[in-house]
Every structure is written in structure tokens, then in C-alpha cells.
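Below, chain A partners chain B and then partners chain C, in two separate complexes.
Now for the complex of A and B:
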């Protein structure tokens, strides 16, 4: 783990308030996750990757944005580890980087489909032009 | 004036590593009464004890202070040493400079300073010590076992075998407990009833064992060797003397709405019922909540059909008072309620069952006569999912933080038995860890995998949903890193176990301590595992912690050995550190009697001579055989009349003064 990654891991722990050491690796979070198949890294892997300090890999992963934040993993974790809070914390680490959005404002129009609400399109322009 | 010797122990490096023992010995040499100080590597060794004995004789010591480990470890040792040299054993004080000093300090100067202070406090107390003599009490040669499961039965059989009388109090209508509900037992797969019922019969046939079934312990007073117990015998409404156990009444009873507890509510029973065929005693009971006659006055079909004229609707609750020398708690367990685990759909889905329910479904005497059928539609299940650790190892507050210990093995047993009986059935087991320590246990689990092809999946189930009569099980497979979806016919939950809720009340009556999970606490987790910290109270079976049948039986026999050891004594030496009241200060207010947990305080009218004025006063009188020396009365007494021998207010204040000096 490089110094920078260690700092990142500490920041994720601080933002989320999660104690990854409480995890007993039962996999109930991943067993319950409704968007499991959309994810490259699954909820239980999130916990162990944060524990190992592999935050950059997580920040670069698409799975960060496929989590629905339904909190089923938080609700059902028998050890109160709260994986969704870790995902949220890693998202914040990404958002807080200047110019590190995963897409540009100019690519928003290509992503629009007809079912997308107006408000989401406006928000996307506002967010990705920063 | 006392002549005090101070002996400072090194305990190898345990104390000497953090405390300057020589400095401790030299620093207290000038304390009042101290005439001799020394230090030695192992004061508890024969050499150390010899040194103490010699010093007592050579220096004419009247009391000794040993600066060593906790008094719980070696106070008894040093008291015997002092006694051997002619001192009263209560002229010994221990300054705990290990647990309270060297083990918790890192800095040697700080550790030494504290050790000196603790030694000075002990010296100050010893200066006020008086020789004390312990009284003796008799031992009632009869034991009480609370709970008639395999733990209670085994304990009672062993005690009876040694020639002592035992009473078993069982709250349900029959002895046998949880084990009677089981189908087969791991790791040998012998039938539970086949190995349990001979023991039940032995217990019933023994002339030393007396069974109080359908009875509960109502109150306990007294102390080790002399407990007085009130037992409430609930009315069976059937005369046990007359009943022949033919069972006609149970067939004729028209009330059929009560869930059958023995079958975990999988079918119903009558208002008059015998829990199972081999029940002991084989006498039915009438459930007053369900009986039409008792509720409305009409019916009485059982009475009309009973040729033995055994039905007696006028029976009343009976209170029996008995005396015992020892009490064994064997109150057992139950599976936890699954209301906090909605994700598995236990409440809404008949085909989501607990493992104990599966035992009944597999049992030849169960509701399906041993044929495995789905509760919802009576069909054979072809795909079965077992979920382990439901509510065990759960620190979220929904379940229990501990491992229930028995589930890995019984799930392997169930999986194997199903694959053996119904080879066309697919069986999956979701597990977090497979924990199978025990003789032939891991081999047993591996047989389930290797010989019977049970599919063990490392991961947990997230949810169970119903769709078109199937149960959709969604879980994770952590080894292949994928989410699995199984369409199951039956889902079996290995529910955590918890102590039977009756244990809380019983623990209060016995003044036996329980832990945060309601398991009874043992006197020492390693060295006194079957004794409660309360003298004369012993622990047997799951009431002390989760355990399987082999372990339960071993612990039951161990508890019996302890009881036999106690009952074989004719006299018990009491604790001389008991409360007594100063009759000139006592105003008879009764506050001490109200707080006394042992009922040791009575009131007497006594003529006292108060500075020449003679009058009859109501004053507190302590029964020294019953008093346990807890000191609750001494802190409650508003006039300061109550004091504890060996721990008088003056002695304690002298210690405080020495520490603050």
C-alpha cells in the first residue's frame, strides 16, 4: 500500500465510520445485493478491499456507480459492518477529486435515453461540468 | 500490640518484573506492629511456606501479611500455613500486588509505589484483626435437580447411584427434554429415543429418584447444605395413582385446536394429552386453556370414557416444601424466535422451517410418521436448502453474538439423512464456517460431502422469496465469487439456541449469576466449570453454555460428582466472616432484614443493659449459619449497629487511612 493509498483508506474509514475488522466474511451482503450482477466488485469484496487499502482500484471501478444504495446489505449484515456506507465513502473520495469525474459534460447528451427525467439531465450537466 | 511479619512474593518475574520486591519489604519495616519482613521467589512453594512457619515461631508473630497474588488464588494456602504454625487462620491478610499491581502497571516505580501502599493498608487492617472461629452446619443428604432433560436425568442417575436421594423438578408433563424431540444423534446416527428412553426409565424406576413433573420451583431459601425449596405442582386434572396410561381420553377429547408443543406446533393435540408415546410418567395432563369442561363446564368426555376413574377436574395446585443439601440447575435451551429474520420468510412461509421442526418431520413418531413432506402441500421436497448461523454469531442485535455450537453437526446429519433416504433430493448447505471439533465430528461432516454429495456453499443467504409454490433462495457463493439463485422446495433454518427463559427466575431464586446472554455463570471458566459461584449450586447442560449431547452428559456427570462430594460430608465448615449487630446501637428498624438476600436476619426481644438502664428491646439477630458475609446489611444499617466480622468498619477505614496517608 503506497502512502497515498494508506491516506485514502484512512479517509474512507473516517468518512464511513465503518469498522471493517468486524466483518466475519459470511457473504450475506453479497447474497442480498440486488445489483450484484452489475458489479465488478461485490459488497463483501468492498469490505475486504478497504481493509487491505485497495481504494484506487475501487475508485476506478464502475461498481461504485451501480450500487443502488438500497441499504439491504446494511440491514442484513449480522455484524453491523455496513458495506453500503463504505461504497458511499469511496464515491465521495472520487467526487472530491478536482476534474476526476468519470465522464465529461459533453458526453452527457449521448447517454440520454427517452425515459430519463429532465431533472436528472440537468443535474448531470451541472455535475460533470465541474 | 500485634507482632506482624510481612512476606513479599516475587511470583517469579510476574511480580518482581514490575515491582521492586526488596524495596516493598524494606519500606514497610517501620509500619506499626511490623517486626519482620522478607521476600522470596515463590511464597506459595513448600520452601516459601516453610519460611513463613519458621518466622512465625522464631519471631513470635501474631499475624502475617503476604504480598502476593489475588486472595482468590492462595489465601486458603497461606491460612493453612499460618494455622500449621499455631496462628488463627484469620490473622492472615493478603495484599494483592500481582493482579492489582504488577500485571496492570508497566512502570516499575509506579508499580512499586502502589505495592507499598497496598502492603501498608493490609498491615493497618491486620493490626485490628481478631482471631475468628468458623461455625459448623449440617448437610441435608438430598439433592434437587431443576430440569428433566438429558442433563438433569444423567445428573440425577449418578447422584442416585452413589446412594443419595434426588428429586427432579420438570416444568413440562414429562421428563426427556429436547433430546426426546430429536430423531437421530450425531456422529453415530443412533436414534435419540432409543438411547434416551432407557435412561428415563432408569430414573423413574430408581428408588432414590423422585420425579416432580409438571412442577416448578417456586421459592428457594437457605444456603449450601441446607436449602429449603418450595415446589409448585401444577394440577394435571388426572389422578396419577389411578391412571393406567391407556390413552383413550386423549383420543376422545373433542378439543383439537392446541398446537402440539412436542411437534413444534406442526400439528395439533387435544386438551388432554400425553406429549409422546414414551413419556414418563405415562399420565396425561389437561391443558386448562383448551379444556371445554374447565372453560364452560360442559363436555367431560374424557371423564366418561375413563375406565380407571382417574380424571379429576377438582385438582388444585399444590405447594410442596422440601429440604436439600445441593441444587443442580439443568434448565436447558430453546431455539430463538425468528421474528427478526424476515428475509428468510419463516413467518409467512410454511415451507421455511427450523431444524428442530425438521427433526419432528423426519421422526417416525412425528406428524408425518417420519416421511419427509412439505408442510404446505404434503409433497416430497426435491431441492432443499439449509441455512446455517441464523441468529448465531450476530452482533447486530437481531440474534445472539455467540456460536450455537451444535448447528454445523446437526445440519450435516440432516443433509446426510435426507440424501440417504431420498437420493433424488438435491441438498445445499449455506455456511459461514463449518465448525466440527470433536471426536469423529469432522469425519462425519466430510462424509456428508464426499459420500452423500451434499453441496456445501461458502456464503450466506440474503433472502428467500416465494414464487409459484417455489422458494427462491438468493445467496452468495464466496468461493466462486458469484451470486447463486436456487429454486427450493424446502428451506431449513439452523436457528440459534438460547437458554430456556425460565432460567432468569431460577437464577434469581438461587442467587446464581447469569451472563448477558442468560447463560448461568460458572465459578471459574476453566477450573470450576460445573459449579456456580453460589455455594451448593451446580450447573449441568446447556444452561451454562451451548453444548451437544456428549458434552452435556459429561458435564452432567461432573456436576453429580461435585454434588456427591458435598453430600458425603457430615458437617460443613462455615465462613466466620459473618454479620453481627451491636445490641446497644440496634433500634430494630428492620432495614437490614429487608436487604438480606439470604434471609439470615431475625428479630428478637432481648433485655439489654444500656449504661445501667435495663430494658427489653427489639434487636436484629443474625443466623450465622445462613449469613454469607455479603455486607449488604452493614451499609444499610442507619445506626451503624451492623458490622461484618473480619471486615469491620474500623478495619476498612484503617485501610483507607493507610492508603491516603
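Now for the complex of A and C:
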């Protein structure tokens, strides 16, 4: 783990409030994740990889953008580890960097149609850009 | 009973039906909804990070407005309800967030989670009562087979939302019975519709919502009801083909049953 990665891991723990050491590796979070098939790293891997300080791999993963924030892993974790909070924290580590927004305003008109509710656009901006 | 009412941005634009039928039905049931002044968009997703303060402030402003009126704050959109209820819990239980939000807002008095946040469905169940609704129904929706779609935001995390049993909820089915229709239980009623990922990759929402609609159709539901504009959008976009149910806001069916549509 490089110095920079150690700092990143500490930041992820600090802003998520998650204690990865509570995890008993039952896999229920990934078992219940509706976006499992869309992810390269799954919720249980976020927990173990943050524990090991492998934040850069997670920051480069498309898993960050396919988590639905449906709170299924948070609700069903028997140890209240709450993996979605780690995914959110890693996502923020990416988009809080200058020029690193995942969704840019200029791309929005091509992704929407006349029925799409404002709620969808606001949510996506909150999750994908700063 | 009078509530401070928070409609939210989508109910003023793409989800006008959700709002309009809620107001008409509330009036018919003797409940007054007083829209709070100068409300702002809640942000649509709850900011989970502990160091996110600015993104929680619009919810605190709405909560403080209801507190100053001495009323409970009534919400309708699932996303607004989720955000405002969870931010309220932060203001009640998290010293750091409470201190920083109050330092920023400089309200007349410190806001510390005093307001009670009530979803429209909770108001129907707990204040009006489903028995009273059943008695007020003028056009019972007899013969209609309706599947309730809860989605994620009303139910989870149950410890904070305290809305219903997160794995086996009943409030919408009780509502469906009260308006004279038959509830259809489907296995995906509390699974995600795909939400905002529709802007990232439409196929995710297609797969998720396709499962919800497919299972409702297979169980013979003619209608699926929801309280969430984004769920309605995703479900409707994937409800095609023969036997696909129509997707409606629950408030539209309530207004229809009460004879105020």
C-alpha cells in the first residue's frame, strides 16, 4: 500500500463511517445486490478491498456508476457494515477531484426524453458529478 | 388535521398527477395540506457521506419551516420522503452534522430534528385510517387487480424510515383493499427499478423494471401503483406488449375511488 493509497483508504473510512472489520464475510450484500451482474467489483469486495487499502482499483471500476443506491445491502447486512456507504465514499473520492465528473451537463440532452422526471436528472447529477 | 406539505420539484412538472390527485383526495378526506413557502429541491438522493453538509441543507430548511408552523411535514414523492426523513434523523442523532448545518443556516432557533416527517400513505393509514377511507369510497374499484410497487426508498433502511416491514410490507395492499380492489402480491415489489442509472445505462433500468412488470403481468395484475415518479418512468418505459399492466400513481386511484377525479 503506497502512502497515497493509505491516505485514500483513511478518507474512505472517515467519510463513510464504515467499520470494515465488522464484516464476517457472509456475502449476503453481494447475494442481494440487484446490480451484481453489472459490477466488476461486488459489494463484499468493496469491504475487503477497502480493508486492504486497494482504493485506486475501486476508483477505476465501473461498479461505482452501476450501484443503484437501493439500500438492499445496507438493510440486509447482518453485521451493519453497510457496503453501499463505501461505494458512495469511493465515488466521491473520484468526482471530488477537479475535472473528474462522471456525468457532464452537455451529455444530458442526449440521455433524456420528454417523459423523464426531473428527479432522475437531479439524482444522476448528485451521484455522478460535483 | 393540517399538515405542512412538501411537494418537491417533480410534482410541479412531470408528476403533476401525483400531486393533484393527492390534494383532491386529502380535501375529500378532511385533511388540509398547506404547501410550505419557498421550498427547494431536496436533491433527490440522500447524501450518505458523513462530511456532506451543503447537500442536506434544503431538507433542513423544509423541516425548520414545518417546525415554525408547529405542524408535521407531509411528503408524497418517495425520494423527497427518503431524503427529508433521513436528514431529519441526522439532525436528531448526529452532533457533528447538526452543529455544522445550524452554523451554516443561522436559523432563529437551532434545528435539532423536532419535526415529524409523515408520508402521505402513513397519513392515510395512521391519521385517517383505512376503515374510514373504505367508508368514504364512492366508486369502489371492484374487479381491478392491482400490484403494489414499493421500490426502495420508502422502505430502506427500515431503522430510519420506520415505514413498514421492509421485506414484507402491507401498507399499499391495505390501501388497495380499502379502495375496493384486489391486491396482487409480486416478488419484486420491494426491488429497485433501476433508478437514476437510466442516465448511465438504459439497459440496467430495462432489466430491473422489465422484471417488475413481467412478474406483475404473470400474476394477472392489470395495474401497478407507485408513489415515486422515477419508478413510474422506468416501469412505464418497460411496460409494453400484450398483457402488460398500466402504471399509475396511487393517488390517482384514490381520487378515482373517492369520486373526485
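Here is the rule we use: the second predicted complex is superposed on the first by the 100 of 130 C-alpha atoms of A that agree within 3 Å, B and C clash if a C-alpha of one lies under 4 Å from a C-alpha of the other, contacts with A are read in each partner's own complex, and residues count from 1 in each chain.
What we mean here is this: a contact is a pair of C-beta atoms (placed from the backbone, for glycine too) under 8 Å apart; a residue touches a chain by one contact, two chains touch by 3 or more.
The shown structure was predicted, so the numbers you read here are calculated from the model rather than taken from an experiment.
J.: Look at A:78 in the shared chain and tell me whether it touches chain B only, chain C only, both, or neither; answer first, second, both or neither.
T.: A:78: touches chain B, not chain C.
J.: Once the structures are superposed on A, label A:21 by its partner contacts, choosing first (chain B), second (chain C), both or neither.
T.: neither
J.: With the two structures laid over each other on chain A, which partner does A:121 touch: chain B (first), chain C (second), both, or neither?
T.: second
J.: First (chain B), second (chain C), both or neither: which does A:88 touch?
T.: Only chain C; A:88 stays clear of chain B.
J.: Does chain B (first) or chain C (second) touch A:44, or do both, or does neither?
T.: After superposing on A, A:44 lies in contact with chain B but is clear of chain C.
J.: Going by the contact rule stated at the top, is it chain B or chain C that touches a larger number of residues on chain A?
T.: In the superposed model, C touches more residues of chain A.
J.: Please indicate which partner A:6 is in contact with in the superposed arrangement: first for chain B, second for chain C, both, or neither.
T.: neither
J.: Which chain A residues come up in both lists, the one for chain B and the one for chain C?
T.: The overlap between the chain B and chain C interfaces on chain A comprises residues 72.
J.: Write out the stretch or stretches of chain C touching chain A in their complex.
T.: Residue list for chain C touching chain A: 8-10, 13-15, 41, 43-45, 47-52, 55, 77, 79, 152, 155-158, 166, 191-192, 194-201, 204, 208, 228-230, 232-233, 236-237.
J.: Of all residues in chain A, which touch chain B in the complex?
T.: 22, 24-33, 36-37, 42, 44-45, 72, 76-80
J.: Provide the residue numbers of chain A that touch chain C in the complex, in ascending order.
T.: It is residues 14-17, 34-35, 38, 65-66, 68-72, 74-75, 84-85, 88-89, 92, 103, 108, 111-112, 115-124, 126-128 of chain A that touch chain C.
J.: Please give the residue numbers of chain B that touch chain A in the complex, ascending.
T.: These residues of chain B touch chain A: 343, 389, 393-399, 430, 432, 458-463, 474-478, 481, 483.
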